[in-house]
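Going in written order, the chains are labelled A, B, C, D, E and F, and every chain counts its residues from 1.
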Amino acid sequence: MIMFYWIALMIVSFSFAGLLFRLVKGPTVADRVVALDAIGVTLVSIVALLSLIIETEFFLEVILLMSILSFIGTAAFAKFLERGEIFDRDPR
Amino acid sequence: MSNLVLFPVVIPLIFAAILMLFPKKLHMQRAVAIAGVAATLASAFMLFSKVNSDGVQAVTLGSWPAPFGISMVSDMFSVLLVLSSTIVTLFVLFYSIPTIGVKREQSFYYPAVLFLMTGVNGAFTTGDIFNLFVFIEVLLMASYALIVHGGEKPQLRESIKYLLVNIISSALFVSAVAYLYSVTGTLNMADLAVKIPQIEAVGILTVIAVLFLVVFGFKAAIFPLYFWLPGSYFAPPMAILALFGALLTKVGVYAIMRTYTLFFTMNTGFTHELLAIIAILTILAGCVGALAYFDVKKIIIYNIIIAVGVILFGISQMNAAGVEGSIFYLVHDMLIKAALFLLVGILTVIFGTSDLRKMGGLIKSYPVFGWTFLVAAFGLAGIPPLSGFPGKLLIVQGGFEGTHFWGSLVILATSLLVLLSVVRIFIYAFWGEPVKIATIDRKHYLSMFVPTAILVALTVFLGAGAELFMPFISDAGEVLLNPSLYIDAVLKE
Amino acid sequence: MRNSWREGRFSIEILVDILIILLISTGVLFSAVTALGLIRLPDVYTRTHAASKSSTLGVLSILLGTFVHFWFNEGIFNTQMVIAIAFLFITQPVAGHLIGRAAYMTGIKVAEETVRDDMGPAIEKRKNNQQEELENE
Amino acid sequence: MRTNDVMLQTATKVVTFIILMFAVHIFFAGHYTPGGGFVGGLLTASAIVLLMLAFDIPTIKKILPINYVVLTAVGLLIAIATASASIVFDVPFFTHAYDYFDLPLFGETSLHSALLFDIGVYLVVVGVTMTIIQTIGEDE
Amino acid sequence: MEIVMSVAIGLLFMAAVYLMLSKSLIRIIIGTGLLSHGAHLLLLTMGGLGGTAPPVVADGVSVSDYADPLPQALILTAIVISFAVTSFFLVLAYRAYQELGTDNMELLRGTEDYE
Amino acid sequence: MSLVFLIFIPILAALFIPLLFKRLGQIHTGWFVLLVPAALFLYYATRLPSVMEGGTYVSELSWIPSLDIAFVAYLDGLSLLFTLLITGIGALVVLYSIFYLDKHREQLHNFYVYLLIFMSAMLGVVQSDHLITLYLFWELTSISSFLLIAYWYTRDRSRFGALKSMMITVFGGLMMLGGFVLLSIMGGTYSIRELIAQAPELAQHDFFIWALVLVLLGAFTKSAQFPFYIWLPDAMEAPTPVSAYLHSATMVKAGIYLVARLTPVFALSEVWMWLVAGVGLFTMVWASFFALKQKDLKGILAFSTVSQLGLIMSLLGVAAAAYHVEGAADSYLKYAAFAAIFHLINHATFKGSLFMIAGIVDHETGTRDIRKLGGLMSLMPVSFTVALIGSLSMAGLPPFNGFLSKEMFLTAMLSLQEFNMFSMDVWWVLFPIIAWIGSVFTFIYSLYFVFHTFAGKHQPEELPKQAHEAPIGMLISPVFLAALVVLIFFIPNLIGDWLVKPAVAAIQPFLYDSPQNVDIHVSAWHGFNTELFMTLGIFAIGGLMFWTLRKWQHLYDLYPDAISLNRLYDEIMLLSDGGANRFSRIYMTGFIRSYLVYMFSFMTFIVLLTLFLNEAFQIDFSNLAPIGVYEIVILLALVGATLTILGAKSRLTAIIALGAVGYSVALLFVIFRAPDLALTQLVIETISVALFLLAFYHLPQISRKEERMKFRFGNALVALGVGVTMTLVALSAHSQKALPSISEFYKETVYSEAGGGNIVNVILVDYRGFDTLFEIAVLGIAGIGIITMIRLRLTKKEGQHENK
């Protein structure tokens, strides 16, 4: 079973590397943000697999946390891209 | 166990937190800030008398046995420094009320000063190497806040450099702690002092000691690491500069003195020799700077560097005379630097510039100010019977005894350059043809001058009444030279 | 687990293991697809598509697998996993949407192969509307 | 040009709640499982940041009328107070007290003065993070 | 593993120093970020990487299996402090750019001499 | 009355001076001041009889007992002589100053305060038996002299002269302090008497020669010996009473005093003897030669003072030779010490009067330029008489006291042959010859001084004022001194018995155990001997050269200023500010990159040096965690992201890549079983990235300005150095783990004693909660710092003095 998890982990890692390629290459900022978002999610998968391998439940918190952060991060980036600023200063 | 040790550290923290609650209430801010420093001073005095009567005081926090919890230790050396730093802060606080400006006062100026004091007193008191890092960060963070306080252009520009250098040194500090932990497996200074002599791998410990020297050297502004200091210290207002000049580099110096006497003593032939060489180079480099500029601030700023070299030279000798001299000189330097910066501050207020060549003839209208300045200048240069003398005498003696003949000679010779650099201020600003100056409200002038003059009087007292202080100084030296006192107080609590 | 195989006992554990393997395999597959998509697809919009759809599914499957593992094999019912799954389910599509729109708004060109662009005219229209509103004020 | 954020806002309303719950959980669990005041505080702050992202600063200020500097100060004071409470009992500073209780509803629970200290940490972290983000966000 | 980590940490320090020596302020700040990462990893490495269980008390784990908790606690403190410093630095950079109109350190030399 | 207390009387009196000046301004403050030295003189004079018998007085006031520092007043023949000089001449000078300084125009309170401080300092110098307090008073004389020279502080020359004198004398003082400290280390005491007692042991010590040289530096600078004399001519900017007092009679003799006092300690070394005698003699001839170049009356006197001091100094050197000759008490060498002290007294009398005359001339004619003066003989007859007496005495003519001491000087110089009899050198011949040449020039400048001022043609049109005789009050002091000059010639042995012999006994204690045993009789006539012929030669050659002075004096103008010692001093001072400025600008570029390069290079250098010098580098492969594939992958990601930052062209890319690094680090934390760290790192990384974006919205793109290739290469080199250093130290540190970590304790006690399960968290809030408390304090400060930075924006003007 552990072996299976390892293989899964390898595959996910490869896709992670693919995403990194996109992150590095761009070409536009939006591409990078997309990659980053996907990286966040992939990281979640990786941590999940890792905790299966290490057999500890202590990293499960990390999973939720990463999903939250990944979302906030993506939202912030997207807004930054769109408006050039993150927060709106005046009420709409 | 004595919780008293913590009071000079925690009291300013509490007051700082309280001050954060109502930043805009001007009079409350002033009153609470002064009350906070006064309370700290009172607790420092209590601690001082306790240490004086009962020897080294230590408390390991959280009731844990010593190497596991954080120990706070107050020996005579540290309590003397705590006491003088608190006194300096009090006077600088009085000085800042008329000079710093209402807007600054209402923008967390006082909390920042109190935080700075927390950090400084904590760094002087802590007995744990990582906790020292934390306290240094506290005081650095407060100094960051103060150095840009007001956001004037030069402040912003110079703060970047200041921050950058200190961030680097902090990262190196963490790395050095990491190495030390790897080799010794402990962080408590007393425990280190016990364990390091047991370790056979002297080489790596020497490397770590040198790395720590570099780390603290950044803070203390020793020879090739001082470059950040003149520019950065030039930017902030004078009250803040006085605090920095009197306290910040001293923390680095203290850290070197503590670590190099308490536990990095496994290879003194290498480390302390290196320290002596660096100290001499520091003095020389400082002298070049002190003479190079016709700017009152710059001159005094470079004198900070010179003093650092002198103190470190004394400690590098590791004999009674040298160590006691360093301690005395350290205390002296805190007071005299603060006093000089405040004096120079009044000068710049009167003339509206810090350029020496635009000043002149002030002795006629401000005679008392002039003589006060001259006394402070002589005190800095170590002319007897003022406060610089006993320390310097002991350091020179220590150098001769410790076979650093040339080092002692350099210290003597550079005293002349120090004298030249400050007397030049006197000659340019107070003598010569009077220049036109703006009239300054008498009350305003006095509110600046009185705290300054008292500080100068204190330094005179420190020198002329040196006998009163010598027992404490030699107590302090005793602990540094005989670490077992310190170790026993911490570990056999 | 392997013990149970050897002993020839056909228990719920094997079912669970199979379930986990299925879930995680799906997840891994989707992950791979995501990466492939991000590398191969021509423009940011299509890549967004790949990222938000497949990666969401991929991570959800893997998380489910993990959750099942901890629940049945270790006896830990981890609420946080459930929340995480729900969370990702809600947020991932929104994130994809946000990026896509941001990209469009910053004027990133769509790929040449694109057949239809509804957004452009819509934005034009809105812009005009807002312009008019401003002028009317 | 102003675009609407309906999708983001709707999602945010749900998600913020989840994050806050999680923050509280991670804060309380800190003594036994990974987590604690820092992470809890930072998560809370990020929930508020998300709100600010989705809506706008004035709105959020109206909903959460908190002076974050005061919050920081209060947090600091709580932390110091917890730490210094031990002085009253004439034991070294920072000596914590705890005990295991059998509470009717929660089962065996430990009450620990370290938790109070952690509350201080939590408040400071929220206060400072929000101070920073809000002041920068508001700056012209 | 520790050897590999040491090399990686050296690389981090190297990159950090290289960035800090450049003229652009943002590169410098990024450099400081890398520097603190390096220091933190160093602390972790120096504590030893041999632990097989997270330092959280669990049944059936012997004491020697836990990873060294002390460096972790120190790193946590260091992380938070460097976060505070980095945010301060960022805001400083932002303000400096507002006031001084450049992020080029060569133009931010200031006047060292008052001749 | 306690002797120590007496030293401080002038300073105590000084405290009342400003009050007297303000309240009783109509009476010249000097009258009050006069009481102090006069009373002290009388008091000390009462001690003469017993001191003459060889009696001594000691009195002690401890100051810093823990450092063994005390004020010890010790009165023996030598110190009493100086004490009387100080108080006696002091009284005369104060009297003179009452008429010299106008009570309405001058800031008399300052003047007399400085003067009284000086008096105390001088008394302290000559009476201190304790080296440290001797140094204290020594520096105090330098400082009060500094203040007195700059009394007219608006004049550039005054300030220049004041600074110059202080720089040189304080330098000497500091060196002397070094010598004193060495002495105290060798002898274990600061007391001069105790040091004298153990002189033979001291001479064996390694430091002995250093102490000797350092102490001599102090003495030479103070007593204006070559090459340090240059401050004295510039000190002539002081008011004339000051010059008469400090720069001829007292302060400059402090160096002489010191040499005399320490002769018993150092004379055992021949180095001392040759140095003192050689430098003194050279100074004498050099200064007498250049005295003729001077155009300023006081300038001539200044050089003459230097020359005379050199003379006395050389005599003391010869006196030290007595220590090396058996049976010195019967040889001619014994005259040297006597001559030195005797000439010291004589010099004080005639030079004091000459200075006062120069002051009178200046006061009454408005100029001291000797080219404008002349023919004042008839207008100022009294002054002329006094000047003539003083000058001829200085020239060594009978019937004035200078003749006697000059003769003895020549005797002493000739006596050096006795010393050299034992070695085959004939170097000693040089000494009498040089002494003779110096005496010739002394003769010439003495005549030059008096005749070019008072004889010749009167040029009223050149003088700023109408010249006339000085008021009687101003003449009292010089006339009195001139009378002494004549008187001493006739009663030399009285002076010798009362004043000189006790002092000689103190200089050469091993020769004489009591002043009465000093077997010397002074007489004006002692037959036709070498000395007499030399003296006659001086008169003949000197008279001839003075006659033709106008013909060859312009030769002095050929001497280039560029190589003078004054020029050297100026160059050094220039170097100290201009040069230092230029030097410091080379490296203080203000550009943070340069500073970082210095700092990092230093760090790399010093750490690597230590690493290799101490053979600390070693790698131990045994105690390592296994290398996992996964860790490597993450590390690769980390390195990749780092490289991306290095090459990033846009700031967004760089920030994202930094985030990637942060996340990789978080993953590493996961792998290395640090869940708390991973959590914190993740959140903080996210918030940091958000902050980066917030803060850098306004900033321009990164790569607008390319770094120069040279810079880049340098940067890379420095960076490589730091990276390598960190790695090497890390490897060695890890390989040399010596002791188990304290964290075992945490693992064991966390549940049972701390009541928690998450060890890291428990460490944070409990074991090391103190760290955390201050860490949140750091956060809090950062918060207020940031809020202040953004909200508070002062311009330069608002920032300063807002409450004004």
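Worth pointing out:
Going forward, a residue touches a chain if its C-beta (ideal position, glycine included) is under 8 Å from a C-beta of that chain, and two chains touch if they have at least 3 such contacts.
If you want to know which protein each chain is, UniProt gives these names: E = Na(+)/H(+) antiporter subunit C.
In this text, all values refer to a predicted model and were calculated from it rather than measured experimentally.
Common neighbours of subunit A and subunit F, listed by label, are D, E.
Innermost chain of the displayed assembly, by C-alpha centre distance to the whole-protein C-alpha centre, is B.
For subunit D, the chain with the farthest CA centroid is F. For the pairs A-C and E-F, the count of C-beta pairs in contact is higher at E-F.
Here the spacing of subunit B and subunit C, counted between their Cα centres, is 58 Å. Centroids built from CA atoms put subunit E at 27 Å from subunit B. With centres defined as mean CA coordinates, subunit D is found 25 Å away from subunit A. Once the centre of each chain is set as its mean CA position, subunit C and subunit D turn out to be 30 Å apart. Counting partners per residue, subunit B has 13, 17, 20, 61-62, 69, 130, 134, 137, 141, 144-145, 148, 151, 153, 160, 164, 168, 172, 175, 178-179, 181-182, 187, 230-231, 292-294 as the residues that reach two or more other chains. Multi-chain contact residues, meaning those touching two or more other chains, occur in subunit C at positions 80, 83, 87, 91, 94, 98, 101, 105. Among the residues of subunit F, those in touch with two or more other chains are 581, 584-585, 588, 590, 592, 596, 673, 675-676, 678-680, 683-684, 686-687, 690-691, 694-695, 726, 730, 733-734, 737, 741-743, 746, 756-758, 760, 764, 766-772, 775-782, 784-787, 789-791, 793. Shown are all chain pairs that touch, namely A-C, A-D, A-E, A-F, B-D, B-E, B-F, C-D, D-E, D-F, E-F.
Here subunit F touches subunit D in the complex through residues 675-676, 678-680, 683-684, 686-687, 690-691, 694-695, 754-758, 760-762, 764-766, 769-770, 772-773, 776-777, 779-780, 782-784, 786-787, 790-791, going by the rule given at the top.
The touching residues of subunit D, counted against subunit E in their complex, run 32-34, 38, 128, 132, 136. Contact residues of subunit E toward subunit D in the complex are 54, 56-57, 76, 80, 84, 87, 91, 94.
Interface residues of subunit D facing subunit F in the complex, by the touch rule stated above, are 26, 30-39, 42-43, 45-46, 49, 68-69, 72-73, 75-76, 79-80, 83, 93-94, 96, 98-100, 110, 112, 114, 117-118, 120-121, 124-125, 127-129, 131-133, 135-137, 139. Chain contact summary for the complex, subunit A toward subunit F: residues 9, 13, 16-17, 20, 23-24, 26, 29, 32-33, 36, 39, 43, 46-47, 50, 54, 58-59, 61-62, 65-66, 69, 72-73, 76-77, 80, 84-86.
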